[in-house]
Each structure stands twice: as C-alpha cells, then as structure tokens.
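Paired with chain B in one complex and with chain C in the other, chain A is shared by the two complexes that follow.
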Partner chain A sequence: MATIVVEVMLKAEILDPQGQAVAAALPRLGFTFAKAVRQGKRFEIEVAGTPTPEMLADIEKAAQTLLSNPVIETYLVRVEA
Partner chain B sequence: MATIVVEVMLKAEILDPQGQAVAAALPRLGFTFAKAVRQGKRFEIEVAGTPTPEMLADIEKAAQTLLSNPVIETYLVRVEA
Partner chain C sequence: MRIGVVTFPGSLDDSSALRAIRLAGGTPVPLFHASDDLKEVEAVVLPGGFSYGDYLRCGAISRFSPIMSSIIVAAEHGFPVLGICNGFQILCESHLLPGALTRNQGLHFVCTDQPLIVENTSTPWTSGYTKGDRLVIPIKNGEGSFQASAETLNQLESEGRVVLRYAETNPNGSKNDIAGISNARGNVVGVMPHPEQAIESLTGPSVDGLAFFTSILQSLVGR
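Up next, the complex of A and B:
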C-alpha cells in the first residue's frame, strides 16, 4: 500500500476568496504572522503495491481531468514516503 | 519570505463524502488505481523572513483554532523549502 498525494492550488493570478478570508480572520484572532494565505485542496489516494510509472502517468491524467481545473489551478503529484 | 504549509485532513474514523465521490468517479473515467481517496485542505501561508520557533508556535495555534476542527480533523504544519 502506498499513498499518492495530489495537491491542487489556484494559480497565482486567480483571485482566492477563501485564502483572503483566512488572511483577514488571522489578525482578528491576534495572529500577525501571515503576509498572504492561499487555500487549496489535498487528495490522498491509496494504491495497492508500489506505484509504477504507468500508474503515476494515470494519476497525472486523473489530476488533470478530475481533480483539478487546469484553466485556473495547478496540481502537484507526490508519492508519500 | 518563507511559505508555511498547513495540511488539514479528516480523521481516519470520520466519513469523507468528498473523497468517496472522487473514489467513485475515478473508475467511471477508466482509472482503476485507487483503493481509497481522502480529500482535505491545504493552506499556503506566506510569512516575512525566516520562521522563528515563536512564529511556528503561533501557526500551530492558528491551525488548531481557525484552520482545522480538532474534533474531526488532524493538521500538519510544514515549512516549505
């Protein structure tokens, strides 16, 4: 069993109201560390056995078509240790 | 400028309908690699300068109170390279 992580974030040039809401809420709670916040999605996909190159290519394809919207989002596929 | 990443996932014992919807959609699109899918949130927090231990303690506190619901979610704070 291995876990593949797909991270989906809005592109930098796309407005991120969720991230802005978090960035606005932090100082109200007394937290002053944040200059900017972006919010995205994280998928943990469990696969059987060790991931093969074909499987990772398939996951890339799924990340492009189902998990992200390539017009406004970027994605990153990582194999978790 | 450094980026701190906070990853928030539902606890394993909590039902994850979003993840189940993705897991159900994958085979319909011809992808058969996934045994299970969990969906969570990912926050990218930009901070000025290098993160200090006090700043990281503050971010932990914000992750507990604002970014996650500790009753049903777990969080992980990572400093991005």
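Up next, the complex of A and C:
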C-alpha cells in the first residue's frame, strides 16, 4: 500500500485571507518569525500496491480537474511509501 | 415560458428563485441535480446555497452532477443560464464563466443590502435594465471575492462582459468591483447578489431584482 499526497496551494497572485489571518494571529502568541503565511490543502490518497505510471497519470488528471481549480490554484503530486 | 431551477443537495434559494419566476409571469419548473433531464425548459437558474456542502471548493462537486452535464452542453449552444451566488460559483467551476470566487477579503460572511450598478444590458437576463441603473439587492456569502488573471480581467472589461458592479463599497475584495459577469455570447450570466430576494417590497429591500426574471421572459418571447 502506498499513500499519494496531493498538495494544493492558492497561486501567489491570489489573495489568501486565511493565511493573512494566521499571520496576524502568530505575533499575538509571541511568535514573531513570520513575514507572511499562505494556507493550502493536503490530500492523502491511499492506493493498493505500488503506484503505476498510469495510476499516477490518472491522479494528475484528478488533481487538475477536481482537487484543484487551475484558475486560482497550483498542485503538487508525490508518492509517500 | 418554462424556466427551470436546479435543486442541489444544500441549495437554499431554489424555492425563492421558483417564486420569482412565477411572480415575473413565467412557469417555474423544479429540476433535480441527480437527473440529466432539463424537462423542456427554455432557460435555467442555478440558485444560491451550499451545494454538496461546498466541500473542496464552492461549486466544485456540483459541476460534475448529471444535471450540470446537460446544462454545460446546452449553454455552449446558447441556452440561457443564470447563476446566483452559489450558482455563479458553479458556473466558474464548470468553466462556463472565467475566473473564480474565493474567500472574502476580511474573512467575514457578508449579509447586507448592496448597492450595485448595471453595466451590461445586452444579456437576456439584464435586457430590462438601463445601463447605469443603480440597484439595491441583498448579498449573502462568505466566498464572493471575484478573482481572475489580469489578462482575463482585461478581456472582460474590453468586451463589456461585466454585468454588475458593486457601488459605494466593495464588500469582499472582488477585482474591479465585479459583482456579475457574462460569457462571450451573453447567454450565461453569473451574479453574486440575489435578485430573487429583491422582488417584493414586503420581503426585500427593493424590487430591483425582478427585472432579471422579466428580462429572460421577454428575451424568450422575442426570439
């Protein structure tokens, strides 16, 4: 069994009010290290066996059509053992 | 004139939209997300709400429902579609309209009577207005911030496809104060404000929304 991770982030030019809210909350807790925060989504997809190139191509397609909206988001697919 | 309104799981304003069509003089026809049958309607309204819980992204899952596969094909051939609020989000996710609606600037769910300016009266949904008309129509959404690339915004502006613009204040950080747009052909229109909630003085802040529904009936008669 393997886990395929798809990470989805808003594109840099798209306003991220959630990230901004987190960035504003950090200093209130005494954490002063953050210059900016962007918030995204992480999908963990469990698959049976070792992922084949066909399966990865399908996951790529799913990431493009459903898991992310390419108008505002970018995605990254990787396999975790 | 048969005008359909789609009910998705989580739709909220479907009955209001059906009622608005009836008060405008049309025959409202309820449509269901799980069927691809458009029941011989001549236009469709996608109502507000939180379809499929708005999980993943607003409208992202509705886009793949059976009724949407019929609507997408019909819309590409000139069938009139109006998306209100969640309906607008579904139209963007379906790529029938460009851009996307994202979390409001400031993170607030905004529920208010919003002043608007009518920009485009050449669509079948807005032909009853006059360009420059000032309307007051409720908005109620958490993800109504219209975002698009600079190139898309230029195209929308130069082709006159901004249908409604926020007046006085921009409630959510939408680019260019955009409250509603159309596709290139004009048959598909998406608006964040709720015209179906501004059709009677008893329940709405105005009756400024009624002309969306009378416009489509007149456009269909004139065809």
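A few points about this structure:
Operating definition for what follows: the second predicted complex is superposed on the first by the 81 of 81 C-alpha atoms of A that agree within 3 Å, B and C clash if a C-alpha of one lies under 4 Å from a C-alpha of the other, contacts with A are read in each partner's own complex, and residues count from 1 in each chain.
Here is the rule we use: contacts are C-beta pairs under 8 Å (C-beta built on N, C-alpha and C of every residue); 3 or more make two chains touch, one makes a residue touch a chain.
Since we're looking at a predicted model, the values are computed, not measured.
In the superposition on chain A, contact is made by A:72 with chain C only, not with chain B.
Shared-chain residue A:9: touches chain B; no touch with chain C. Number of chain A residues touched is higher for B, counting chain B against chain C.
When the two structures are aligned on the shared chain, A:64 is found in touch with neither chain B nor chain C. Residue contacts after overlaying the shared chain place A:35 against chain B, while chain C stays out of touching range.
Contact with chain B, but none with chain C, is seen for A:44 once the two complexes are overlaid on the shared chain. Of the two partner chains placed around the shared chain by superposition, chain C is the only one that A:21 touches, whereas chain B remains out of contact. Residue overlap on chain A between its contacts with chain B in one complex and with chain C in the other: 66-67. Those residues of chain A whose C-beta lies close enough to touch chain C in the complex are 10, 13-18, 21, 66-67, 69, 71-72. Across the complex, chain C meets chain A through its residues 56-57, 60, 64, 92-93, 98-100, 102-107, 145, 147-149, 173.
Contact residues on chain B toward chain A in their complex (touch as defined above): 1, 7-9, 19, 22, 25-26, 29, 31, 33-48, 55, 58-59, 61-62, 65-67.
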